Structures are given as structure tokens and as C-alpha cells.
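There are structures below to look over.
Next come two complexes built around chain A: one with chain B, the other with chain C.
Showing the complex of A and B:
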């Protein structure tokens, strides 16, 4: 978190993550190149490498884009999310290798600066079959570079969350550009139907995953009506497992209703780090812990423990006849609210 | 609410809970398997790389007479059969003219690397290797048989740069290679119209202007696409050339 950032360092899980990632990348490239050279003795190594790197970067981008919605649909994918940044940087690295290789191969050693050549040697923007697909790849690479360069929490803090989030939404523009880069580029040369089919599958998978997870969230967001005193009946105490939360939408904002040690505390559902869903987290050592990267907050006041400085808004709550009632008006972030006691026995017949 | 009663993952703790760890390992293994299967499928579905050969790293010595019009070639005497003409290029995406300009019409020795495909051959001339041939009689070094007029023809094909397509890059034609071909032709590599007969056999015809001049700059926008060229076909030894104003080339849908 802030204040020098949480000292995570290279713990065992991070090493496992990066080890598997690098190992996987090496295996993919090795298999692609050896198999291609074995099957096509007349091929040139440059082209094989170009294709190995390009297909791998595109595949990695699919994985990166799948993790968010998968983790929202199924918490078992949360471990993939924790170090997603590394996957993103690796994707950029492989894409960059592909791009630099293509630049040298197709544009260097000529009568024009290679970078000018990429931009100027094909300007047939009105043609489909001849569209300058390399420029699409260059655009995607620039976006991935921006994202990789700003992926550290340092930038998240200095750019402010909304700007950072908007910047990182550009990844979808990059993805679209890459789909066209493939469709208007190599697919115009390599005509085996498998390529078109795989590209279609990839795009459908990404679309479907985002639609389904978005639709699920929408369904969860159905508004609850307020009672006469303005408090909203959110759920029964018994519906909340101990040390966990139930997420509800009040006045358009999601809140996380936590049960811990016989009491109820309500916080905004949005983690201050990257808007992770606090309500899908747990209470660990008495602290609400975000499921994405583990930022922690005190349940009563929504403040991170010292020396960290994050705060989320809190909400007033009370328990009546085994039901949890919440005031939908958020209190300023970090405001202390006495946790609402669950009266003895209430939880039993909630 | 009893679903996912499984353990909770906190990334900065040294160990993930065991069932979650097992599940994650399984997913990782599945993803890796999928990626490797994909790699294999992607490799196998490629359509092949053509028969071109570039003898990268191998330099040979050649003797012949330099001609520069419309494109630099080395005319090599074939005892009893007149001359074979080898197209010339320099290193990278550069034409050979600056290397051979001073030797036009002279018998020379030069060193270079061969690229060849289906009857067409190019030498990538090693810089500084071109010298007058001390053993040849310079006065009789005049192979320029003016060629044979084959009449008015219409050819349909694709403009390729005669260096990459012969084997320096694979594939050295179509869309993915388009920018490179344009760069090469712009740099002085002779543009060639590649046509195929019904059986898929390729033939290569040098593109020259209506007055027999080189047309590099005029064809850049038309490379790597199906086009139609109407003009006069001429044979010069083993080379074919079609002369037509590049403005009359027609892009086919």
C-alpha cells in the first residue's frame, strides 16, 4: 500500500508464478521452432521465430484478458490475478521481440529509416487485402508498453486511480488492433482454415467471458428498497458466513457487509488499490483483506492499519430480528462506526 | 453461501492454501498443455515456404560482363549457349548499381552470395569485390545480344522483389512481406512480375518501362497484389522482360 508500498518482495508464490510463466514461454518457443524446422526444412529461421513470438504474444494477451472476468466468476482464479502484472509485462516483452524482429527483417538495411518505413511504406488504408496491418501491431505494442511501464503501484498512486484505470482500459483497443493485425496480416498469406477458426474462437471466448461476468454483476446490483427510517434491509445475519461478507447495492454503490466476532461492519466494496471487491475478501487477523492483492482495512473504520494510509467509506448498520439493516448514505472514508452487535440468539433464527 | 468454502488466497503470504494450490497447479498444467497443442497446430497448418535458396554465408567468385540497363546484371558466358544473366543486388535492401556502375560493359570478377529459385538467379555482390578481369579480352566483352521480341502480351501476376522472393526471406511475397518488398524495390532491387501457369509453375518477368528503363519508384504501390500488365515481351538470354508504362498496370480485385 502507500507509504513505501507493501514490502512483498520475491516470496515463494511470486517465484512460482514467474518461474511457471518463464518456463511456459520457453517451452512454447522451443516446441514451435523445433517442430517448424523439422517439418519445413526449406523455411528460414527468421520467419519461424517471428511467427513463434507473434502467436505466443497473442495467446498470452488472451490469458491476461481472461483472468479478470474468470476471477470474478470463480474465486479459484484469484491466484492468477495476484501477479497478473507480471503476465502483462511478459506479454509486452514477447510482443516487443516480435515487433523488433519484424522491423529489422522487413524495414532495416534499406533506403529509409525503419521506423519511417513502417509508417510510410504502405498507406492503403482504404483496402482490406492491402491494409497496412503492421501499423496496427505497432499501435498495440505502444499501448502494451504504456501499460507495462505504468503497471507498478507507484504509477497507480501518481496518476490517480481513474486515470490509471482509463489507461489500462486501452488494452481492449490494443486487443482489437491485434485481432485486425492478424486478420489483415498473416491470414492474408497463410490460408489454412484453422487460423481463421482459432482467431474466431479467441475473440468469442474473450467477448463471452466479459459479457457473462458483466451480466452476473448487473444481476447482483439489483437495488434494495429503503425502509421508513432510510435503512435498507440487506439480508439475514445467518446468510453471512463468519469472517466474510455479503455484497449489496445501495443507492448505486456496492457495499460489503462483514460479520466478525458477533458483530456487523459495513464498508464500501471498492478497494482503494485497484477497486478490488472487498466483499469477496475475508477477515484475517481482525482485518478485512482484499481478495486481489491483500490490502487490509480495519472493519470498524475502513482504515488500513498503520503505517498504511488507505481509507474506504463506512456505513451505519444495525441488526433487528436477525436482519441486517444498513444506512445507504456513505460516511466519509475512514469514519469510525461502532460495529452492530448481533443480539444473542438472533443469528440462530435469522 | 456455502459455495467456495475453500481457502482464501493472499498473494504475499509464502504459501497458498493446499487445495487452492493444487487446483492452481492443475489449471496451470492445463493451460500449458493447451498452449503447446496450439503451437503444434499452428506450426503444422502453415502452407510451406517455397523452393527458394539463399546461400547465406557462402561467397563464390563469378566472372562475366556487367550490364546496367534496365537493371544491373552479370552476363556469364555459357560455352555454346550464349549467355546466362544473373541479377545483381547489394547487401540488405539495396540495388547493385553503385557497386557496378564503373564497370558497365566490362569483363569483371566479383564475389557474392547466390539466391535462386525456379530458373531465376541473383548474386548479392560483396562490397568492394568487383575488379576488372585480367584474363578477359576487354575489347571482345560485348555479350549484349539485343534479345528477341516475343510480341504484345497480357500477364497476370504479383510484383515481387527479386531478392527476397528468390529465397532471402520466406515467404518473400504476398501481404505479410509487402512492406519489405516495397522497401527492397525502392532501394534498387529489380521488380519482377511473378506469374504462375495452371500447374502452379512460376515464371518471372522483369518489369521495365515503355522505353526499356527501370521502373522501381513507379511500382511501389502495386507490390504483393494481383495485377495485370499489358506490354511487349522480350527475351534476353535466360531473362524475360515486359515493357509497359507502369501507369497502365491494372490492379485486379
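Showing the complex of A and C:
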């Protein structure tokens, strides 16, 4: 969280994250090359490096795609989410190295432009075993480039979080293309059952994680109905832990109902940074704190403390007989709403 | 994530859950038992009518090649026939001929290393079928070497001397 733009707002955790990432990449490449040289005498060093980089990029993409749903299913994975963009950029970097190696090894020695050669040398789109799988890899690489290039907060702020998120959902198309790139490419000639089984396990893992977490989110998206006075009975005060929130869906979007110091405040559940779930965060130093990247907001008005300028919509609320009632109509972002007091004894109702 | 994107996310993964396993099954099920390779280059058969002048099974660096040599053929050029006993286990193997061995060198040798200076490419050498190659006209003494372009080294060689 910073007022101005910096290439990277380094802190100890980011350094640790990136150091571990780079160390892991170096270790994987060293192990892969050493083992391949020992086990496959017919393979050239170029081919081994090509495959080391390709498998690593694919593996990293699996990790990147696992973090989101894992964090939804278990908050202990939230620290992985904190610096996920660096992991994504590293995935693109390794994938780019794989692509450049392939371009040089298979397309750079003729009299045709290598990039044209990638697109034009094989046009057997109707064949399965000879399908031009390189073009699927190129498509995925372009998507990863787009994501890496727009990963900075500059783009996030200027595109707005919903547009940025929608853009970055292209990664799922890239993943599908890469699965087919592998299945129609290297696995057409490498026929050992282990490779097919590993690919199947990876695909099953990603699909299962996203489907399960998506199903859970769907259940939480069920909208609560308003009463005669227009207010929605969200929950009992006693169901909300102190300095935490209860999340509910009202008027098509989620709100976070916070309890703090004997009062109730209701904010939009969407952090302005990356639309992170504010309701899964805590109140730290009197401020609602997003669990993803630590962006903070005042509970009463939804404004970030000075000098920060982020604002989220607020909602009117009242406490009646130990129940929290919320007006589902959002107020303009940053509007001050006096927190609803919890009368003595009401906190125990419900 | 906003609700609209969550809905889109669920839809995307329902589609992927249907398409990816199907695509994977089709791709893996359509694999050929023999990897696809470019059409073989047509190489004209070299006729020989006499018995070979020399025959040797030459081993070296895990490679065993049966070599036969004729110094007179119908085309008046010396002919070399090679047949690998088993797969060479090296990528992109090419056959080279290095003329003019030094006087007094005879017999078969197998060694690893770089190509001698002035080596001439005779052609690619793949598989375990016998292949015949013309030596350059007027030359019947020298070193034949199998060179792995991938490993950038000689994996087998044989010296031919009268």
C-alpha cells in the first residue's frame, strides 16, 4: 500500500517470497538438467533445457492457479496470495525463455522469419497427432505477457479492479491452451504413461479446486430478502466475533458487517485495490484491514486513512433485539454513517 | 471479486471441466505407436557387384557398427556400407569422411572427439538398416566418422587403409 507508484514496494516478506521463488526456480532447473543428462543420453542439452523450462513454467502456472481457490477454502493459504503477482510474472519469464529456446532451436535456422515460421510452418489443424501445438503455446504466452505487463498497481488503478480482474481471467483460456499444447505436442512422442498421468492429475487438481471453491462461493451469493421497512435481517449480533465481520449478499453484491467496540458498521465487501474480501479481514488499529494486501478503511465512512484516497460504499444499519438490520441500498463511497450501537444485553441475543 | 466475475468464473470452469478432459483423452488416445517423422529422403541404391574388400564390426563409446568397404564399384568410386547393430542413442547423427590418413595407420578404431580437419559430409545416418555411401571420387583411404550434431562430438570412427 503506497500513495504513489513504485516499481515494487519492497518489504521483508516480499524479499523472502521472491528469494524463495528464485531459489526454487534455480533448484528445479539444476535438478532437471542433471537428472536428464544422466538418464537420457540421446537428448541434447538444448532439448533438456527446453523441457526443463517448459515443465517449470507449466508447474508454476498450476501453483498460481491453485493459490486463489486454496485461499478461499482455507485462510492459511492467504500469505501465498500476498505476492502472487510476482509468481505470475516469474511464470511468464520462464515460459518466455522456453518459447525463445523453441523458436531458436526449431525455427531460427531457415530463411523464414522465425515468428512467421511458428505460425506458418504447420497448418495441419485437422490432424490431431500433427496439430500445430506451437501456436497454442504462443497464444498462452501472449496472454501471460498481457497479464505480466498489466500486473502493476498502475494498471490496476487505471483499468479499475473489475476490468483488471476480467482481463486477468484470460489466464484460464491460457491454461486450457497450454494443456492442449502439452498433450498435442510433447506427449505425442513421449508416450510413457507417467507423463500422461501427471498431466491428468494436474488438470484434475485445478478443475476440482476451482469447481469446489466456486460452488462454495455460489452458496454464499444467495441474496437475503428485505423486510417491510426495506431493511434486511442479516444475522444476530452474537454471530459476529469482535473486530471481525459477517458477510452477506444484498442488492446483488456482498457487504461486510463489522462489530467493533460495541457498535456495528457495514461496508462493501470489495476492497478497492483488487476487490479482495474485506469481510474476511479484521479490524486492526481501529481500521478494517483487507486480508489480501493490507489495504485499510475506517469502519464508519469506508475511507482509507490519510494520505491514502481509497473509498468503499457504506450502508446504514441498526440493531434491534439482538439482530443486525441493514439497508441494502449502498451509499456513495466514503459516506459517513454513524455506527449502530449495540445496546447492553443485545450482543447476547440471537 | 465482484459477483458478476464469480458467476463468470464458475461458467468458465464448468466449460473447462467439460472440454479439457475430453481434449486430453482425444489427444492421448490419438497418439501413433511410432512417433511422426518427416517422410524419408529418397536415397538411390548404390550397386556393388564384387565382394567387399574389408568388413569389420567396429565398436566404440557404446556404439557398434558393421562396416563394409568396396574400393571398386560399377560407378568407379569407393563405397562404404554401414549398419548399426542397435540404435545409436545419439541425436542427429551424420556420417563424415576425412581423407588422406597418415601413412602407416591401419585397422579399425573407435573414438570420441571432434571431426578431423577437412572432413566431408557423406549424409545422415539413422536407424539400423544398412546404408551405402559413395566416398569422394579418387579417395579410398581415410577416416569415416559418425558425428552427433546434437552432442557436437564424434561417437564412432573407422580408419580405412589399403
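Methods note: the second predicted complex is superposed on the first by the 340 of 350 C-alpha atoms of A that agree within 3 Å, B and C clash if a C-alpha of one lies under 4 Å from a C-alpha of the other, contacts with A are read in each partner's own complex, and residues count from 1 in each chain.
In the analysis below, contacts are C-beta pairs under 8 Å (C-beta built on N, C-alpha and C of every residue); 3 or more make two chains touch, one makes a residue touch a chain.
Small disclaimer: the values here were computed from a predicted structure and weren't measured.
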{"item": "Superposition on chain A - do chain B and chain C clash or fit", "value": "clash"}
{"item": "First (chain B), second (chain C), both or neither touched by A:199", "value": "second"}
{"item": "Which of chain B and chain C A:89 touches, first, second, both or neither", "value": "neither"}
{"item": "Contacts of A:214 with chain B and chain C, given as first, second, both or neither", "value": "second"}
{"item": "Touching partner for A:189 - first (chain B), second (chain C), both, neither", "value": "both"}
{"item": "If touched residues of chain A are counted for chain B and for chain C, the larger one", "value": "B"}
{"item": "Chain B versus chain C as contact partner of A:180, first or second or both or neither", "value": "second"}
{"item": "Which superposed partner A:254 touches (first chain B, second chain C, both, neither)", "value": "second"}
{"item": "Contacts of A:333 with chain B and chain C, given as first, second, both or neither", "value": "neither"}
{"item": "Touching partner for A:108 - first (chain B), second (chain C), both, neither", "value": "first"}
{"item": "Partner chain(s) touched by A:165 [first = chain B, second = chain C, both, neither]", "value": "second"}
{"item": "Footprint overlap on chain A, comparing chain B with chain C", "value": "42-44, 46-47, 129-130, 184, 188-189, 191"}
{"item": "Residues of chain A defined as touching chain C within the complex", "value": "41-44, 46-47, 128-130, 162, 165-166, 169, 172, 175-176, 179-180, 183-184, 187-189, 191, 196, 199-200, 203, 207, 210-211, 214-215, 217-218, 221, 249, 252-254, 270, 275"}
{"item": "Footprint of chain A on chain B - complex, ascending", "value": "1-2, 4-6, 8-16, 20, 23-24, 27-28, 31-32, 35-36, 38-52, 54, 91-94, 169-171, 174-180, 182-184, 186-188, 220-221, 224-225"}
{"item": "Contacting residues of chain A [partner chain B, same complex]", "value": "6, 8, 11-14, 20, 24, 27-28, 31-32, 35-36, 39-40, 42-44, 46-47, 51-52, 55-56, 59, 63, 74-80, 82-83, 105-112, 117-118, 121-122, 124, 129-130, 132-134, 184-186, 188-192, 194-195, 198, 239-241, 244, 246, 281-282, 284, 289, 291, 293-294"}
{"item": "List of chain C residues in touch with chain A within their complex", "value": "1-6, 8-10, 12-14, 16-17, 19-21, 23-24, 26-28, 30-32, 35-36, 89-92, 150-151"}
